[in-house]
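Note that the chains are named A, B, C and D in the order they appear, and that numbering of residues resets to 1 at the start of each chain.
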Amino acid sequence: MGLDKIGIAKRIAQELQDGWYVNLGIGIPTLVANYVPAGMSVEFQSENGVLGMGPFPFEGEEDADLINAGKQTITAKAGASFFDSATSFAMIRGQHVQLTVLGAMEVSQNGDIANWKIPGRMVKGMGGAMDLVASAENIIVAMMHSNKIGESKLLKTCTLPLTGVGCVKKIVTELAVLEIKNGAFHLVERAPGVSVEEIIQKTEGTLIVPDIVPEMVLA
Amino acid sequence: MGLDKIGIAKRIAQELQDGWYVNLGIGIPTLVANYVPAGMSVEFQSENGVLGMGPFPFEGEEDADLINAGKQTITAKAGASFFDSATSFAMIRGQHVQLTVLGAMEVSQNGDIANWKIPGRMVKGMGGAMDLVASAENIIVAMMHSNKIGESKLLKTCTLPLTGVGCVKKIVTELAVLEIKNGAFHLVERAPGVSVEEIIQKTEGTLIVPDIVPEMVLA
Amino acid sequence: MNKTVKNVAQALEGIESGMTIMLGGFGLCGIPENAIKQLVKMGVNNLTCISNNAGVDDYGLGLLLQGRQIKKMISSYVGENDTFERQMLSGELEVDLIPQGSLAERCRAAGAGIPAFFTPAGYGTEVAEGKEIRVFNGKPHLLETALYADFAIVKAWKGDAAGNLVFKGTAMNFNPMMAMAGKITIAEVEEIVPLGTLDPNHIHTPGIFVQRIFQGEVFEKRIEQRTVRKRN
Amino acid sequence: MNKTVKNVAQALEGIESGMTIMLGGFGLCGIPENAIKQLVKMGVNNLTCISNNAGVDDYGLGLLLQGRQIKKMISSYVGENDTFERQMLSGELEVDLIPQGSLAERCRAAGAGIPAFFTPAGYGTEVAEGKEIRVFNGKPHLLETALYADFAIVKAWKGDAAGNLVFKGTAMNFNPMMAMAGKITIAEVEEIVPLGTLDPNHIHTPGIFVQRIFQGEVFEKRIEQRTVRKRN
């Protein structure tokens, strides 16, 4: 039940605003680029040094020198630019990027996020995530509501090493859209066909539920 | 008596080493570029954003977009590069420039230099001089031994606001070449026809004079 | 994203008296001359201007000094301008003189989200007064802070509707860092070229740093020191 | 100034076991692959490598990990490499993980003579442990220090005898900052072009930052994630 990855990406795409520069993390966030509302001009920044990313190249036109932060071969649109990593993070740290969308392993009700390390088991590194979450004004987390063994990823307190503190403002999962404010998750929308009860049950952290929880409208 | 400006520049040019990047200040230092020893490869950096400065342009070929730090129209040699001011001072602060030659109003026997301000009378600003003197490993001051009213510019202590402390290693004036070490000026060479006595008389700071003071040899 | 505005008047909308404005250029090279003339026309005053130099008496920022539109200058070098020196020595103009490398880096820092950094420049001088000193690698350094501006006005050679800029020669100088530092950055360019014309490998200032771009009407590009050599 | 050396062996002369080496690249994009193979051949070990990633098991820095030539990695992201994760979890490899933006800026800082700067990245995380915290503009920041290296090895598209470098696409990434930070910087390029061929307006890394340059023999330029779309 609930949204698939594409559904989550589509819902996040509704948060875009005309003229924004946006950084999309690896995984579901990357899909957001495919659902920019018609007539809206949004540019995608990839922290490895490109602004104005286009779609994947046609078969046979891949260029090893042109990838995104997920190491996928990409293309550049007219008006694109390439730059070094220091300049790229100047854009991010200097808040020239209006929105960051990234995945998470855990999010806490005060906006902490953990997504880079499971002590003793998995360490991939934080990559650009710590810079992104420490700097961005708008951070949307795209993730599943629960982990692979069914535990809620929306927690009172994160258990894993943090990537950033008090920085996440909005979460879109397969079940719901939630905002974080005043130390609690606030249910904003539910996915088509998903009950408020299911969301309550799958959210470990404090969840504020308004009287009316509208269903998402996806194109 | 003593050297003219060109003589000072020629003597300083003898300090150049093959492969060095050199920043030349306004005035006499600029002239040093004309006397690079034959067969030696030296590149000139100008802090307004050019490496590989060439000679002045031919008449009619001046380009308002191509100047040196003295605001003079210049040319760029093959292998030149243009860059922004932050990168330019990264070169300077990061000690990628091997030699800085600049003018001074006063130098003290411990290597302090003053060259940017006369309180209440003249304030042109320090420009890049403070970055240069705080960063360079090798600093040569090119100046007249005395000021316009005949006072020594080689002092026990600078009287004017400082540009940098303890940074000057060598001075070339119209009368002499001097090194600064252990809190004193050390006479190294005298200009052709200039007596040691004259140098002693015109140097207010402590001057160490060796038994033999060779005369400069200028090509 | 089309950031092109039709003229200098539209480009400078929103600039008000009392604001802090960064202006690119080194000497008279790479200054936004059309925008400066417009500031004269607008008559805004009480400005704090951050610019490496202050122009000459009758050109560049000198025009704003003549009209007493500037309250405070933040610069590294202000020779070559008698109006400036007179106003400064008489006390009618506040001046904050900053080592040139620190000025460039402080602009970059603002644009890069770095609130402060250590530099050796100015240690032991009056520039260090009131600043934190710390020794790194055996050498004393000052803590310098980022310099922000309400508006940054930069001058480029070519630009496109996405705000991408390309500079020419030493007219680049402070322009790229100031473009990064402005809350709103206005680019004055000699030519706006169609999107896709500029090679993405050769863009000096990516469009993300620029909010408005316009093509200047007249570029005098005055030369301060015309030095030439004779042909043989 | 001719900085050209005739081959990779000559370029890497002087690199010894125990040294700290920076290597450009993001993932497998823009890595100095010829130089890495030469490091394998030289058999130097106990290296501290500063590189955003650690290659994959059988390519890039993964080759040095396989041969246990690396004592310590300083990186931001090391996924995509099983050898790496195994050596790290078993404790035989020291690892210092750094936020990517801090890594880039710390390299630049070293090259720019800035010993330390404040950044918000990592506040409240284990990255902040032991670091000075200071609030600027109401926001806590960490003091991060410059990262130096005995040798920096970078990969560019084109270069000339003066050491000027031009990068292509996103193969630029960390290369320019690392070029600034090395005590000795070695540039591996796909093509050395005659002096004067590169437009001085389009040079990404001015030659002053490069001590040696060589043309690589073979460029595999492996693609990590080949993503394509079908033609209609």
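As a working rule, contacts are C-beta pairs under 8 Å (C-beta built on N, C-alpha and C of every residue); 3 or more make two chains touch, one makes a residue touch a chain.
Keep in mind it's a predicted model, so treat the numbers as computed, not measured.
Peer 1: Looking at A-C and A-D, which pair shares more C-beta contacts?
Peer 2: Of A-C and A-D, more C-beta pairs in contact link A-D.
Peer 1: Taking each chain's centre as the mean of its CA atoms, which one is most distant from chain D?
Peer 2: Comparing chain centres, B lies farthest from chain D.
Peer 1: Please report how many Å separate the Cα centroid of chain B from that of chain D, as a whole number.
Peer 2: The answer is 36 Å.
Peer 1: Indicate the whole-number Å distance between the mean C-alpha point of chain B and the mean C-alpha point of chain C.
Peer 2: 28
Peer 1: Give the residues of chain A that touch two or more other chains, as numbers and ranges in rising order.
Peer 2: 50, 76, 82-83, 86, 89, 92-93, 135
Peer 1: Residues of chain D touching 2+ other chains?
Peer 2: Residues 105, 108, 112-114, 119-120, 167-169, 200-201 of chain D each touch two or more of the other chains.
Peer 1: Connecting every touching chain pair, does the picture come out as line, ring, star, complete or other?
Peer 2: Topology of the interface graph: other, matching no listed pattern.
Peer 1: What chain pairs are in touch here?
Peer 2: A-C, A-D, B-C, B-D, C-D
Peer 1: Which residues of chain A touch chain D in the complex?
Peer 2: Counting only chain A, the residues touching chain D are 46-50, 55-74, 76, 82-86, 88-89, 92-93, 112, 116, 120-131, 134-135, 161-166.
Peer 1: Can you tell me which positions in chain D touch chain B when the two form their complex?
Peer 2: Chain D residues touching chain B: 1-2, 108, 110-114, 160-162, 164, 180, 195-196, 200-201, 203, 206-209.
Peer 1: Can you list the chain D residues touching chain A in their complex?
Peer 2: Per the stated touch rule, the residues are 26-30, 52, 75-80, 85, 88-89, 95, 97, 99-105, 107-108, 119-127, 157, 167-177, 204, 221-231.
Peer 1: Chain C touches which residues of chain A in the complex?
Peer 2: It is residues 19, 21, 41, 43, 45, 50-52, 76, 78-83, 86-87, 89-97, 135 of chain A that touch chain C.
Peer 1: Provide the residue numbers of chain D that touch chain C in the complex, in ascending order.
Peer 2: Checking each residue of chain D against chain C gives 105, 109, 112-120, 134, 136-137, 141, 145, 166-169, 200-202.
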